[in-house]
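Look for chain A in each of the two complexes below; its partner is chain B in the first and chain C in the second.
What follows is the complex of A and B.
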C-alpha cells in the first residue's frame, strides 16, 4: 500500500456555492417578499425545513417509517413555551434566543426515553409502535391540562426583559432571522451527520439490517442514536414554533401533524438530503396558502399525493435529480417541448377537475349564496348544465391530449436514458 | 492448544425437529475446512449457529477458546469471526466502495461516531480501497451494489466478509450459481483473500472442495459423519455410501 500517497483535497467549489446560496436565500427572502403574510409564511417554512429534515433522518436515511414524529417536535414546543414563561416570570435567566435549544434538549430527552422502546423493532412493528406512542402522548395532552394547557393551549410572550443590541424578538422580522439562523445551522449539522460513520451505517441499516449485524454493528443501537438525533432537531423545530406563534396547543403532538411530516417529506423526496427542504416549502404553502384559497384543499392534497406515489415515488427531489442528469449529458433540450405539452395538458385536466370540485363544494356548502360563484375571476353557474358540460369537456380533451403526450414523452425519455447509458459505458471503456 | 473454532456437542431443534444432532468439530488456526453434505443436512444451519444468527438448543461453541454461543451476531463478529451468505446480502443502495467501507468501520474502532467525517478516516478509506483491489472491483468503485453483475455481487459479498480483518471466515456457498470458468477464478480469489486465515466453507461443487480445502467435514442429518483430509474422506466407505458416491456420479455425468 502506498503509505506516502499524495492526497489532493480540492476546495469543493460546488458545495460552498450551494451552502452560500442557501444562506443567501434565507437572508434575502424577507426582502423579496415584504408583506406581513409573506413573513409569517417564511418563518413557518424555516421551522418546517428543520422539522422535515429531522424526520428524514428516520425515513430517508434510516428507512424508519414513523407515524408519530410530532411527539418530539410537539413536546419540544411545550417545554420551550414553559421555559419561555419561566423566563418571563423572572424565574430563569435564559436569553430568548436559546429557548429553541431547550426544545431540542426536550426532544432529545423524549426521543431517548420513548425511542429506546420504538427502535427495538424495525419495519412494520416500528411504524405501529410510533403510531401507538403518538396516540398515547395525544391522549396524555387531554389528561394533563396543567402541562398541555387543555383546549386553549399554553400562551407565552417572547419579549422578555430589555432588548439586547436592539433585538427584542417582538417584531416578526427579528424572529424570522432567529429562525433562519437556526434553520441554517441545523441543516448544516444534519448534512454533516450524513457524512460520518454513524450516518453511513444508518444507510446500511436502511438497506440491509441483517448484514449490518454481521459486520459488527448493533442495528438497534444505530437506529436508537439516529432516533435521538432526529428527536433533537425535531425538538428545535418545536421550540422555534413556540417562539414564532407564542402559543402551543395540543394539536402540535397530534397525528395530523405527524402525518403532515410524513406526507410532505415524501412529496419533497426522502431519497435525497435536500428533498425534505422542498417538502417543507410545499407543506407551508399547502397548509397556509392552499387552505386560504379553497375549502377543498385537503382533497387536492390527497390527489397530488396519489399522483406522486404513482408516477414519481422519489418525490420532487428525484424528479430534479433525474433531469439534472439528463442536462449533464446535454440532452435536456430535446425534452423541452414534451415538458411544455405535459404542463399545458395537465393544467387543463387540473383546471377542469378543480372547477367541478369547487362547484360541488359551492352547491353543498354555500346553498344560501345561490348557484352563482366566481372562480379565478370568472362567474359560473354551479347548477348550470353548461358550466358542468364545459368543465367535463375540458377535462376529457386535455386528459386525452395528456395521455398522448405522456406516451410520446415516455418514449423520448427512454431513448434519452438509453443514450446516456451508452455514453457511460463508452466513457468507462476509455478509462 | 486452543482451536480457532470448536464445536462441542452442538444441538439445534426447530420445534420438535432436531436439525443439528450433536455436532462436534475442531478447526485449527489457519486451516481451510469445507463442510459438505446432502441438501437439508444442516450445513447452513450450522453456519447460522456459529455466527450467532440462531441460538443453540444445547452445546458449546468456542472461538479461540472463548465461548461465543448465546452472543449476538455483532458480538461474535467483534470477536473476530465474519461470514458471507448464500444469497448475496449487500447494501444495495450504496456504492461498492461504501459497502466495503461500512464493513471496515467497526474493526478500526470508529463505532457509532457522528463527530468524525468519513472523508477524514484515512485508514478506513485506504483499507477499503485495498479490499476493492483484492476483490478486483476497484474499477467498479462508485457503482451501486444493486447494479453489479451476479459474479461481481458475489465478489463484493466476499469483500464485505473479509474487510473487517476477521481471523475466522465462514463462506456459505461462495460459488453458488457461477459458471465453470467464473468458479475457477473465484476459488483463486478466495485463496488469496483468506490467506493466513481460518476458513470454513459450505460448498456443493466437489471441484472447489477438493481444490480449496485442507480438511473436509461431511455432515449428514445433523451429524458429522467424517472429518479428515480430502483423500481420507474420499476413501471413507461410509461417506461414499451416504453422500459422495451419488454426487461424484452426478459430477462425472457433467452435472
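What follows is the complex of A and C.
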C-alpha cells in the first residue's frame, strides 16, 4: 500500500543549508585563524563536539544524568593509543586514520559491559551508579600501570609508515582535518539517530517511562542501547584525542573530565541537538583560555552553572532559540534597548565581583608578590581599603540598576511573548 | 589477634563516620527526593569551620557551633537556590547541588588555601584510648590509655594502640544515631517530618509549613555532615581533598538501599570494614593461584591484573560491591523501592 502512494517531499533547503554551513565552518575555520595555537584550539573543539554530543545522547535525549562518562572516552583513548603503538611497532597493519574507530569500538565494548549494570536504574540512582563506576575505573587506572601508564601516561607517535597522498598526519593541520571529518560524520550520525524510532523511544523513556513500559517496550533496554551508542561516540572522541595529543594520561578517565562534560553540555543546552556544540566550544575556551587568565575560573564556572540551572535550565541554546522566536515575529527591535541596559549593568556587577574575587585569590595565593596586582592593565592594591570600597561600590550601584532594568525587561518580555501567543492563535484561526 | 581487633575497630569507626554522612544524605533524599551531590562539601565546610572556631573559642564549643554553621549554610542554600528549581524536577535539583559542590570547594580553597591546615585534636582526645598487649609471657591483655613501656619492651611483646579520636568518633556517631532516632519518632517535629515525608499535601492542608520543614530537613542533614566533618577533621587530615569522600557515601546509600536509614547504617559499616580490613592483607590472586597449584609468573598476560594485592585493591572494593549489589539485588540490601 505505502509503496504505491506518492508523497510529495520537497527538498529541505533549511536543513541542507545548516549542515552545509556546519561543514563549511569546519573546513574554513583553520584558514581564518592560522596561528598554531588557534589550530590546537580548533582541533580540541572538534573533539569536544563529538564528546559533548555523545554525552547529550544520554542527558538531553535520554534524561540520564551520568557523572562518569569520561570512562568511555578515556578508555577509548587508551585503547586507541595502544593500537597506535602496535601499528608503529609494525605488529598491526592499520591506517592511522582508522585509529579513532578503534577508540569507538573500545568505548562501545566498555559501555556494553558497564552500561548493563548502570542502565538497570534511571534518574538519581543512575547518576550515583555512574559516579561509582567512574571512581572504580579511576582507581583501577592507578592500580594497573601496565595498561594506563602510571603517572607519566602512555605516549605514542601518530606518524606511522609512509605518507599516503602526502598525508602523514605529522602536521597539526592534517590532524585537524581528520578530526573535522570525524566530527562532521559523527554529528550527522548522531542527528540521524534522533530521527529513528529508537531515538523517539529514547525521548519517550525520558519523558514518561511508565507509559513506555505499558506500551510494551523495555525502558531498560532502550536506555542500554542509547548508552552503548553514546559510549561508541565518546570512544571516537577519545581516540581522536589520543591522536591529537599523542599522549594519554590517567586523568582522561577522571571525575573532573566527567564533570566537565556534564557542566558544559548543560551550559550549552541539553534540550536542543545543537546545544552541546555550543557547550563544546565553551568547554575548550574555558579549559584552555579561562584557566590561563585566572586561577578562580572554577569558581566562576560553578557560579555561572548555579545561575544557569536556576534561571535558564535550557542553557545557551534555549536563550538563542527564545530570541530567535522573538526575532521571527519581528519584535526583537523592541527589546534591544533593554538588552543593552541589562548587558551594561550585569557587566558592572560581574566586573566588581570578579575584582573582589581576584583580589582575594591574589592575597591567598601570591603573598610573596606583595599586595600590588594588575588586573586588565590596572594596578590594584589587594589589601587597600580603596580598591575594596571601589569594587563593592560598583557592585552595589550596578546591582541596583540591574534589578531596575531587569524588572522593566521582564515586563517587556512578557508583553512580547503575549503578543506572539496571540499572533500564533490568530494564524491558527486563519488556517 | 590483637591486630585483627584493632583493624575491626578501625573499620567500624570508619563505617560509623560514613554513617554520619550517609544518614544525612538519606534523610534529605527520602524526604525531598533530592540527592545532595554537595553533601561531602558540607563535610568539608564543617571541618574548616571547626578549625577556625577552635582558634577563636576552643574545640568543644566549636564541635557544637561548626555543625550549626554548616547547617545554616545548607538551609540558606535550600531557601535561596534549591527551592527555585524544585518545580523543574529531580535532575535540575541534582545539577544545582553539583554546581554547589564546585563553588564550595573553590570558596574553601579561597579562604583557607589549597594545602592542609593544622587542625589537631584537643589534648583530651590525644593519645590512645586503650592498648592491646599480646605478650609472649602473659598472653593477651588490655590496658586503658597508654600501656607502661615495660609491658611493650620485652621481646615478643606486641602493643597495638587504638586512638582516642577514633573512639570519640564511634561515640559521637552512636549518640547522633540515637538522637536522630528519638527526634524522628518521639517528638512533635519528628512526627510532622514523617508526615511531610509521605503525605506532603495532607501535612500542608493541616497547617504545617512543608517548605519550611524541607528547609529544616536539608539544614539538619547538612549539619550532620558538618558534625562528621569536625570529627573527620581531627582524625584525618583537614584539606580540600576531604570532599573526595563523596562517591563513597553515594555507593553506601545505593548498597544499603536508597532512602532507607537502617540500610544506610548497614551499608556504612560494610563499606567501612571493606575499606579498612583488606589493608593489612598483602596477598594477591597470584598467591591464591599458587595455593591451588597454578603458577602465574611475570610472563603470563594475566599477571598484571592478578598480581594486585588485596591491600592495593582496597579502594575499589566498595565500588565492586556496588556493582555486585546492583546485579544481584538492585534495590539495595534493605531498600524497599525499586527504580
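Here, the second predicted complex is superposed on the first by the 425 of 431 C-alpha atoms of A that agree within 3 Å, B and C clash if a C-alpha of one lies under 4 Å from a C-alpha of the other, contacts with A are read in each partner's own complex, and residues count from 1 in each chain.
Please note the rule applied: a residue touches a chain if its C-beta (ideal position, glycine included) is under 8 Å from a C-beta of that chain, and two chains touch if they have at least 3 such contacts.
What you see is a predicted model; the values in this text were computed from it and never measured.
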Which superposed partner A:207 touches (first chain B, second chain C, both, neither): first
Chain B versus chain C as contact partner of A:222, first or second or both or neither: first
Touching partner for A:120 - first (chain B), second (chain C), both, neither: second
First (chain B), second (chain C), both or neither touched by A:292: neither
Touching partner for A:151 - first (chain B), second (chain C), both, neither: neither
Touched partner set for A:198, first chain B, second chain C, both or neither: first
More chain A residues in contact [chain B versus chain C]: C
First (chain B), second (chain C), both or neither touched by A:386: neither
Sites on chain B touched by chain A in the complex: 51, 72-74, 77-78, 82-83, 85, 89-94, 98, 101-103, 105-107, 110-119, 121-122, 126, 130, 139, 160, 163-164
Residues of chain A that touch chain B when the two form their complex: 1, 7, 192-193, 195-201, 203-204, 206-208, 210-218, 221-222, 225, 229, 428, 431
Chain A-touching residues of chain C, taken from the complex the two chains share: 29, 33, 35, 81, 84-85, 88, 90-92, 94-96, 98-103, 105-107, 110-111, 113-114, 246-248, 250-251, 253-254, 258, 304-305, 308, 312-313, 315-316, 318-320, 322-323, 326-327, 330, 339
Sites on chain A touched by chain C in the complex: 63, 65, 67, 117, 120-125, 127-129, 131-136, 139-140, 143-144, 146-147, 255, 259, 262-263, 266, 296, 298-299, 301-303, 305-306, 309-310, 313, 357, 360-361, 364-365
